[in-house]
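Structure incoming, see below.
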Amino acid sequence: GGNASDDSAANNETAATGVAIEGDTIKIGVFEPTTGENGGGGMQEVLGMRYANQLYPTVDINGNTYNIQLVEVDNQSDKTAAVTAAQSLISSGVVAVLGSYGSGVSIAAGQTFTDAQVPAIGASCTNPQVTLGNDFYFRTCFLDPFQGTVMASYAMEQGYTTAALISQNGDDYSTGLAAFFQQAFEKMGGTIVANETYQTNESDFNAILTSIKAANPDCIFAPSSIATATLLLPQAQANGITAQIIASDTWENETIINAAGSAAEGVALSTFFDEHDETNPVAKEFVTGFKEYLNGNPQNLTSNGGSDGVAAVSALGYDAYMSVYEALKALDGAETLNSVALRDTLKAVSFNGVTGAISFDENGDAIKNVAYIKQIKDGKFAFLKTQSAE
Amino acid sequence: MSNILEIKNLVVSYGGIEAVKGINMVVPEGEIVTLIGANGAGKSTTLKSISGLVKPKQASILYKGKEIVGQSPDFIVSQGITLVPEGRRVFPNLTVLENLKIGAYLRKDNLKDDLEYVFTLFPRLREREWQMAGTLSGGEQQMLAVGRALMSRPKVIMMDEPSLGLAPLVVKDIFNIIQTINKEGITVLLIEQNANMALKIAHKAYVIETGTITMEGTGDELLANEEIKQAYLGKTK
Amino acid sequence: MTEKKKTQLKVLFSLIALLVCAGMLFYVNHYTRPTFMLRTVLQLGAIYALVAVSMNLLNGFTGLFSLGQAGFMAIGAYTFAIFTIPVKSRSGVYYLYGVADWLSNIQIPIWAAIILAGLVAAILAAIIGAPVLRLKSDYFAIATLGFAEIVRIIVGSSPMNRITNGSLGLKLIPKFSNFYFPFIVVGICILIVSLLIRSSYGRAFKAIREDEIAAEAMGINLAKHKQLSFIISSFFAGISGALMGMYLGAITSTTFNVTLTYNILLIVVIGGMGSITGSIISSFLVIAAREWWLRFLDMEIFIGSFKVPLLKSGFRMVVFSLILMIVVLFFRRGIMGTNELNWNFIINRLNKKKKTGGESCE
Amino acid sequence: MSEKVLSVQDITMQFGGVVAVNNLSLEVHKDEIVSLIGPNGAGKTTAFNVITGVYAPTNGAVDFEGKNIISNYPRGKMEKMYAGENKGKYKKVTEPTPDKITKLGIARTFQNIRLFKELTVLENVLIAKHMRMKANIFADTFLLNWKEEKKMKEDSLELLRILDLYELKDEKSSSLPYGKQRHLEIARALATNPSLLLLDEPAAGLNPQETDELTEFIRKVRDHFHLTVFMIEHHMNLVMDISDRIYVIDFGKMIANGTPNEIQNNQKVIDAYLGVAEDE
Amino acid sequence: MTTNAFLQYCLTGISIGGIYALIAIGYTMVYGILRLINFAHGDIFMMAAYFMIFSMVNFALPWYVAIIVVITATVILGVTIERIAYKPLRSAPRMSIMISAIGVSYFLQNVATYLFSALPKPYPAIGFLTKIISFGGISTSVVTFITPILTLAFVFILMQLINHTKIGMAMRAVSKDFETSQLMGIKINRVISFTFVIGCFLAAIGSVLYFTPRPSVYPLAGSLPGLKCFIAAVFGGIGSVPGAVLGGFIIGLSETFIKAAGYSEFSDVFTFILLIVILLIKPTGLFGEKITEKV
């Protein structure tokens, strides 16, 4: 114990000015899960960031050239570990943080970044809570209420009036999205005929699927992790389920097609980005470059699940890095170079990213009003349409 | 007669504390040798060292002239040295018959005659063939422990306090049986608190005090020794 | 030296040691960077120390192998969070399902909430203790593990949406008001446990650990004493849950899964079952190793253009698990065994080194 | 004869089909030393376990100092299986746990020593005093009852001094020599302030010399603490030497009782238990 | 519920229960002999799945060869773990071995992540096992159908082995008393290794049956089945093989029907409550040995 009187001024002394940029290296934290439940997707997001760092390793500010160094920590997809992982990033002197895959860990660590006055840029964390009320959190993707509504409108447009939900108990991403979908779908006049949940790491869905089959919905909305998707789809097929399965951004991952094979055929999902989109030159350049990057190193290929498919999260990871990069460039001419100043330039950043034009609203969320709907056809993600929330 | 076991300078320590401090003793083939001594003197430790259950700090133990220190207990058993451990230690979840069979675990030949032999020695066991050993009374368990040891057809049988907690009648039985099996050529190394009876049947005896041997001689010699009477035999009735 | 004088000296030394600890904390607070990892490690270490001590009270001192600690922490953390999240930000936290009406305007002071967290956990322990404590050894362990899982799932389930925010968890839990806060709370709690252990009741707990049948024959009411130990342990687990909530700032039910219990168990065992100081030392060591010292293993390091082999994300936990196994191999009874790091222990150690034997202390 | 301390009435203890104690009745009077002997598996320890509340008897009752403390009759599943006599004689159910019995003033030792191995000699004795402590856990934790604790400690040390264990007070109990462990078990039992002491094979594992010492020890204890002693033993020297009376049981049933002299010459006892006396 | 749906649920429950049973046997046998809750068993099961991927995908072995390779590799893994992590702790307190087991579990999970990445890998299809058969409105795959049959067959063989062979007798002896077993000439390390061989053999078989209809493997794939099978073993009375099997089927069926009733969110809650209730009635599980200490 200690009986010394509290002197909290000392605590906040440095915090008021954030972390200063010193020396000739700028450290940027990479706060991602590379092990645990979301380790796979997290790693793909890291790959996008590393690739971006490889392309843009230095930045010139006020006539000095700074090396940008990525400091990676593994938040283990675990909320307790996430806070200490975040602390360790702060401790190593990063001026900005990228990540994380999985909203839960981002929410858990948000306060840590705010306390240290270090801006964080989420790539694919879609839960509203990440940025809500947090002045230092930004993100490059759209939000779950939007995504849920988009998928509900999509379902409605396809003429589906009954839907079943499958979500993961205790997982904010999955339950949140399911709830937003339900709100929107019911508002539009649809009915939810079954609402099933499962535990983390569950791999047997037969009982759930049998119940859903009995409820006979037009479509099944199943926002979940990649691992769950690869288990759910074959079991749905084995149970003879014919209802349309629709899902969310996490499912845009080649691993699912590889693992589920024919069972994945026909699944529709919303995502941030289209690999085959010819209209966006930035995206086109990124896809070719990134594929080369993956194929150039067997370890990268393993981390990407063994194929050179470009995951949407990699693209978002790239864009998150680019946001910071653009903000750093915008620091040119500023008097004080620190993380708070960086946060301020981030607010005004605007550039063409791989996933579309990126600028942040007052919450720090990327202003995005369309989602890409894709469908798995012949073992590939085929672009179906863009969809906005109506 | 040759010595089937020779123990030279046996030192054993448990976590720094020396329980046995340099014991020298011999066991002549075909005899009954007994070890007596107060509680904690190191008697059980000596037997455990011979059968390989504890690793001595230093020692030479020769069995028929061959070094056995450092060998595993199962090897030593396979050479013909069997221990009836302190406190019976029958397998409670095995039947009486299985307990006897497991005594002959290393043997590949037919067990029938030996089972018959044990059952003749201990008719009580034949009656309880199918009972789980854990539910036997203390005396029956002790019989089983001895019978189990016999099943391995040992050349040397070591017994650690076989009469502990037994009724007087059964104690007599046990001593009779020890003499019977000895007459059949099995060498016996016996630890007993009941020094009176042990010395009476022993050809040779050693006295252990706090880890060292303080006296040795024939059973009768020690029985007549005043010091021994004072220290171990208590008031004679 | 007389016994009395010795005792006085020991008290004096203990006070000095306490002052040194306080001084070190003071130093860390004032003379290190506020972002220094040591601060985090110390705070988290203290929280784990408390829950480890509470588990040790059951497992190490009373001999009840319990795997329910995470469940009681969950109860503590949620109780604390529900009553302390600022009223004005509640609607933001319960943004999806809304907050239950009775709850929306209750907010109590931090200290009251901490005690309440402990009490709620203790009450629950009292309710389940009576039946479950009849089970023996591993069956008791599994029953408590099951109970912890039940708590975790129910806390995160949809019927609880408007109270616990279901799967979405709670955030904006008040943080520590200052650096010393967790150390003071943990210090007081551990002090109480230590006093308990050395009391006659503590001895009765140890008797139960050593031999239930003999303890009962000595007139110790087994059911009552086991129940007491279980309740007290849960009380402190609840408090540590509250502190964990404060430290994390945001909790969800999955924070308190089986893995958390395993982690606490390994801290207890590595420290030594039946040693309070062992649990404390071990929690700081385990946390520091896992969260701080080994971090570099996760990063690819280049020396010039030479890439250090093996280093890559995930390697840290591989090494950590190996260290675990090696530690139990070399410290079979944990770092401290059943000893306490106190003046007797140190004096005995010194005496042994000097080979003087000497008279024993106390 | 003086007043009855313990009175066991028609006790039957049945484990499933096994009748370990069969309709046993016996009495122990104040200041006596009484022994219970019989072949292995006769049910002696089981009888002790019934008296001390470890097992609830299947049928029968036990009185202590004139008050009924244990009573039971075959109920539930046991009702059909019950093979003993005196069915229907007992209608009350009193099944106290062992700690309640100890509190009443019956203390015991165990056939296989059951000390608190990791704890010191002094702690072993202090634990036995816990039961009589008045302070609650709160007062005890926060040292509000320091006077009481001090007294407890002083009493325990005094007890150890009387029994010649004082020198060993800070030793771990498992590190004591076997004979001393037996003594400590008795000391610990005495610390509960009993008026009746039950000893289960106190001389098991002791050599004849140590057994003689134990005989003296038991006498000393009885005289110093004004106790009644009820004892199970297989060492006939000890039993015949010390006992005022002896009960002999076989297959759970009493086969004889009387003075040592009577028992030594009882043919039934010789056949079942003692064997033919050896010429010496 | 229609009859068809009911039968479908039964089939699902029995099938998953059969796999739980196979894995639970591994827990129960190791527990029986070492009194060790082998926390790593679920992860050994997960590693078996990776071995299958390597044999069939990376080395393109035909399935019947691959299965043999997988069984061999899993058994070697299990025995190695026993030798390295548990054997040196033979005389250590029980809790230390338990921590070593937790260490092994973390180790396997993290090594798998480290080597194979955390992304799920597709489990190769074994042609005839995935064939769909249907009768009277129920459709199911061959594997679902044969799982319980195989389980029961293995259990029968195992019971014969334990109760009527010399090695079985040695296993039962070792489980009660290491020292005395050695005095009988039993090589206890061999017997313990043999126990791990059986446990890992069944885990390997279980993994083929489990992952064939759930063809996706990731480093944490063994953790939840591991926990459930452990619970199954406790249900039946840990240490008892028939108990573990019964426990496996009970858990499989009960969770299936609870989900069927629409309480999927609470299926584990019900399972645990059922467990606690059963333990309160039978404190050592359904077939567990009574822990009576003779006083």
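To keep things simple, chains are lettered A, B, C, D and E as they appear, and every chain counts its residues starting from 1.
Throughout what follows, a residue touches a chain if its C-beta (ideal position, glycine included) is under 8 Å from a C-beta of that chain, and two chains touch if they have at least 3 such contacts.
On a predicted model such as this, the values are computed, not experimentally measured, just so you know.
Note: the chain lying farthest from subunit D is A, by mean C-alpha position.
Distance from subunit B peaks, on a Cα-centroid basis, for A. A separation of 36 Å divides the Cα centre of subunit A from that of subunit E.
A separation of 34 Å divides the Cα centre of subunit A from that of subunit C. In whole angstrom, the spacing between the mean C-alpha positions of subunit A and subunit D is 72.
The distance from the centre of subunit D to the centre of subunit E, with each centre set as the mean of the Cα atoms, comes to 48 Å. Shown for subunit E are the residues in touch with two or more other chains, namely 109-110, 113, 265, 268, 295. Among all residues of subunit C, those that touch two or more other chains are 153, 157-158, 213, 312-314, 317.
Each of residues 34-35, 39, 43, 169, 197, 199-200 in subunit A touches at least two other chains. On the subunit A side of its complex with subunit C, the touching residues are 1-4, 6-8, 10-15, 19, 34-35, 39, 43, 46, 71-74, 76, 78-81, 83-85, 87-88, 90-91, 93, 104, 107-108, 110-112, 115-116, 128-129, 132-133, 167-172, 174-176, 179-180, 197, 199-200, 299. Every residue of subunit C that touches subunit D in the complex is listed here, in rising order: 192, 195-196, 199-201, 203-204, 206-207, 210-211, 213-223, 228, 274, 338, 360, 362. The touching residues of subunit A, counted against subunit E in their complex, run 33-44, 169, 194, 196-204, 206-208, 210-211, 214, 226-227, 230-231, 234-235, 238-240, 253, 255, 258-261, 302-306.
Listed in rising order, the residues of subunit B touching subunit E in the complex are 51-53, 72-74, 77-78, 82-83, 85, 89, 91-94, 98, 101-103, 105-106, 148, 152.
The touching residues of subunit E, counted against subunit A in their complex, run 2, 5, 8-9, 12-13, 16, 109-110, 113, 116-123, 125, 132, 139-141, 210, 213-216, 218-221, 223-225, 255-260, 262, 264-265, 267-268.
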